[in-house]
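The following pair of complexes shares a single chain, chain A, combined with chain B in the former and chain C in the latter.
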Partner chain A sequence: MECIIPGENIKVLSRIINALSKIGDDIYLEAKTDCLCLKSVNMTTTAYCTINLYEIFFTTYEAGQIGNDVLSCRLPMKGILGVFKSHGHKDKKPEFCKIVLKQSDSKIIFKFRYKHDVSVVRSLYLNDGDIIDVVYDRTKVVNYIGASAEVFAQVLMNFQMSDEDMSIEVTSEKALIRNYIAGESSISKGIRSQISLMPAEFSNYRINTETNVTFSLKGFRAAVHFAETYRLSLLINFEETGRPALIEIKNPTFDINFIIATLKRDNASQSSLSSTVHLTRKRNATQYNFNEPIDTEKNDNGVGNDIDDVVPQSPESPRSKKIKSIFGRCYDATFRREAIDLGKVLASDSDPDSD
Partner chain B sequence: METYFSAELTDFKTLYNVLKAITFKEYATLRPMEEGLKVTIEEMKCVETSAYIPVQMFESYYVRPQEDVKFKLSLKILTETLFIYGDDGNLSLKMTYKGPGFPLCLIIKHNDENITVDCQIYTMDVDESTDFLCLADECTLNKVVVNANQFLDILTDLDNTSDDLDLFLSPNPPYFRISTTSTMGESQTDISKNSEMVLLFQCENEFQAKYSFNYIKQILKVMNFANKVSISTGETGLLGLQLLINEDAKQMYVEYYITSMFEDDR
Partner chain C sequence: MRFRALLVDNAAMKDLLSTVNSLSKLSKDCVMRIVSRKVYFIIPDEDTGPRKPLAWCELPVNFYFKEFNLDGVSQEYNEIYLCFATAMLAKSLSTVKQNAKSLKIKLTNKQTPCLTLEIELASNEGLQNRQLVHDIPVEIIARKNWNDFAEPQFNDFHVSIEMPHLKPIKNIVERMKNMSHSLIVSANNFGRLSLQIKTNMVNLSAHFTNLGIQSFAVGQDNESTVGDGSANESIVTATIDIKKFLMFLTGMQLNHCRTTCSIVHGKMVKLASEQVGALSLQCFFTELSN
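For the complex of A and B:
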């Protein structure tokens, strides 16, 4: 594979790699005939991202395919981040970058050419490992919502940096986005935020089945941040609770497909959630006039544990229940006064000077 | 008794920045000479850093003639003292050294607030074994002068997990090559002699040597303040970097010498 990336696209690529670094520890590179494909998957395989850089992204692109084998390799994220770390800022923008990957070679070569007669050649050793591939069945997608990255960025601004997950609850009338706090112990410490968005705020809004999906914020933040830089829009495709969601970002020169696992809940907690949801929705409808063109509806301090609260408590995941039953003793108090007799000194301190 | 050395200067911010950036080790040797003050830090007999503050930088400057004045002190304490007022401007400094066995007296005056700080830093005698060879005379083989900013960019862009750095100079392409090798991969940076960042390129014979990247990294901090960097090499593989630091119309220099690593295939 041999390709040349023009100067202005090197920055795009470096941002793409930066976003990918939020997902996995390795980058998989696949040289397809019509596009260069970058992939990354996280350790627990709950997030998977493919990025296709089309031929027009490059000045020249040659896949150099031999037979039916697609040329592919696996690179350590740390190494490739180092190669692309600082290109694009300061006044030394590279004029072009040439990437060369040879069949059955142990390294990949990046050649940068700068305007003042300076060239940098970086070669990275490849990691062993097979190419991963995740098949996502697009025909099963029943719901999708799409909006510009700014809309999602505004939504994300309502969450704390410590929030790890968010859930989207959709009905045909509106979408409720809230942070998700796992476990029940968090009621006291967490800030619950809920943002209610009307279909009109989205560029695409199609809900066939009312559902609620919960997924990790880490990758989503990276995707939104990236899309925001280039004023692109995101399309979130999903089916139902527990089924993976697909986030798409499209541009004429590249597209990003980000598949993310959603949290699975046991039936009991799911049904209890839906009852709370119905309740709150009715309350909301009487309290706020949603016909007004308001940007976002925010309730930042809906902390509480009673069912009447505006923001429903995050349902407990079955995993935390399981953890508590297996590691039950870990949740017991470790200090028991009756086990220690504090009244009697059995042996005095050997060194009275030290404290 | 006549003092060995006394000097006065106003607005020593650049001096402070430079001294702070070269404090790799605690103790430094101060050597007031006719031409100016020289501050030297030496490490493991393979790296030597000196800052030159020429006479022109000082308001007044006196060194006892026909006397080799030199003394050692804690550079860390000296820089801390110079920063005693924080970043506030309009300061003036007076240094006096009465002679061997006496401390270096500093009087730092804040002219706006009319506060004076009087401080004494204990000095030590310089070991006789530390002779000051003129390293500049050794580095005569090649000379390349480059723009400091762009050169710093290149050096910071190198793979910093690498242990050592290979320098290659040649009168023919690739002219000036810096290579690194690490567990991740290799990197190679070529600077053409026709590049606009190269101000002077003198190289008659090919030169190649390897240096510890950790030692090279030390100099990057002070390179931030520099305008030009002169790179010269010596017969034995000694690498000399001379940094020119411009402050208004006045100039000061930092010299950095580093010995090459031994290579088996030589």
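For the complex of A and C:
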């Protein structure tokens, strides 16, 4: 793969990589015939982002594809952030950047060209690992809301920096966006905020089923922040509680698809702000794992546990809740009934105790 | 207990925001006392054993609120005392900087007692309004603890002197803070206010002259009478914690306020900012004991 990025787009790419760094620790790079694809997934596979840079993003772009194999590699996030962060001479912008990735090479080369024939070459060693891919069924999308990043930025301004999750409750008349506080103990500590927006505020607003989705603010903030710099608009596609949501940012030269898991809950809507509050949250708060893992190739037989089989746990201290939100997956049930097929006897007991 | 207040004037909302912003710089927590004519914000001093207010802020109801309904703890004591994190209120109120049309403040019970702010924002396109709700968890202070937050009454000040513009004072005190942790505030009967620090290395004082004297206790037995010609000059001084003093100066970013400084010789200093009819804020600094 060999491509040349013009000066003005280097900044765009650098911002894109910055946004990706809020998601995962690695960037997966795939050189497709018509676009360069950057991907990142977070550790718990609850957020996944693909960015397609189309041919017109580049001055020249050659995928250099051999046969059916798409040239791909995995780059450490820290390294690539370093490549784009400082261009050495801060006052001088690079005129163009050339990226070269050869088949079965152990490194990728970034060549920045400045004025007066100054060029800086940075090479980055590749990480081991497979390329990931996401399976997301666009046809299932029943709801979408879209608005300029500015609107979402104004909404986000009402939340605290310490807020981790937000939930969107949509009806055909209005959308309620609020911060979501996990765990009961913290309810008395933080501000709960809710903002209600009329459909007229959105550029696209289609709600087929009224639902309520909750997802992490971290990635969403990054997406909104990025879109705001380039005055783009965001389109949030979602199905229902617990199913992943897709956030799209489109531009003629690139597009961003950001898939984010949503929190699965039972009927307990933690609507601090509505008058009826269900107190069944205790059991629920521990299931911080997003039950619907994104279907990555690596993750075919997902670790999805069946909530209904879990025996209600005893009340916990707020401290252990914090631990669980950090080491979420460690606390997943390892026993899954459906994994053991009790119906069929594959081999009879070799030493039956029957007398 | 019931409390509900409505603001419709954007200027009043901004005034309220700037007051709360100032208070949030003084302390993490504050106590809100609501009575039928006034709303008080009280900042308790964390250091002293018996809790005495460090700052005392009064807002008259009729200046800010269009509607104001209060059902206190009982008919006899028609008051409510709440405690909450000042920064939370400041952060929640900050939205009124945008185009807020109305602000409703309510006491609600949503799992925990909450101070609920309902803000109606005019949307940019002017089509439909945005509704914004913030719930700030609060703690209700029981009747028996109310005495901790009684207004400190002092009327035996030896001097009350008008303060010059606060910004230059802040800059001076900021530098003084780097050298010493105590500040000597003194005023004489000719309208001179002095801020002084004394260390082993350096004595540094800043003098502000020709300030208006509001009251001066004449004929008090003052040891520090200066005998260099002007026999009539008498000086009142008090030594206070410079950090707290600076905190007040930093927090006092209120416009249209007149500030006075009152000193009880060797006991305490009071700074009072007032915007007549809209706001009064007093800060109390006690003499450093060493």
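Convention: the second predicted complex is superposed on the first by the 262 of 355 C-alpha atoms of A that agree within 3 Å, B and C clash if a C-alpha of one lies under 4 Å from a C-alpha of the other, contacts with A are read in each partner's own complex, and residues count from 1 in each chain.
FYI, contacts are C-beta pairs under 8 Å (C-beta built on N, C-alpha and C of every residue); 3 or more make two chains touch, one makes a residue touch a chain.
Given the structure is predicted, the values throughout are model-derived calculations rather than measurements.
Taken together through their common chain A, the two structures put chain B and chain C side by side without a clash.
In the superposed model, A:Asn212 lies in contact with neither chain B nor chain C. Of the two partner chains placed by the overlay, neither chain B nor chain C lies in contact with A:Thr50. Residue contacts after overlaying the shared chain place A:Ser167 against neither chain B nor chain C. Of the two partner chains, chain B is the only one that A:Gly79 touches; chain C does not reach it.
Once chain A of one complex is fitted onto chain A of the other, the partner contacts of A:Lys107 are limited to chain B, with no touch recorded for chain C.
Once the two complexes are laid over each other on the shared chain, residue contacts for A:Met198 go to chain C alone; chain B is not touched.
Once chain A of one complex is fitted onto chain A of the other, the partner contacts of A:Val118 are limited to chain B, with no touch recorded for chain C. Shortest separation of chain B and chain C in the overlay equals 8 Å (C-alpha atoms, whole Å). For chain C in complex with chain A, the residues that touch the partner chain are 88, 91-92, 95, 98, 110-112, 114, 123, 125, 127-137.
For chain A in complex with chain B, the residues that touch the partner chain are 76, 78-79, 82, 85-86, 90, 92, 107, 116-125.
In the complex of the two chains, the chain A residues touching chain C come out as 154, 157-158, 160, 187-198, 200-201, 272-273, 275, 277.
Within the complex formed with chain A, the residues of chain B that make contact are 150, 153-154, 156-157, 159-161, 183-192, 194-197.
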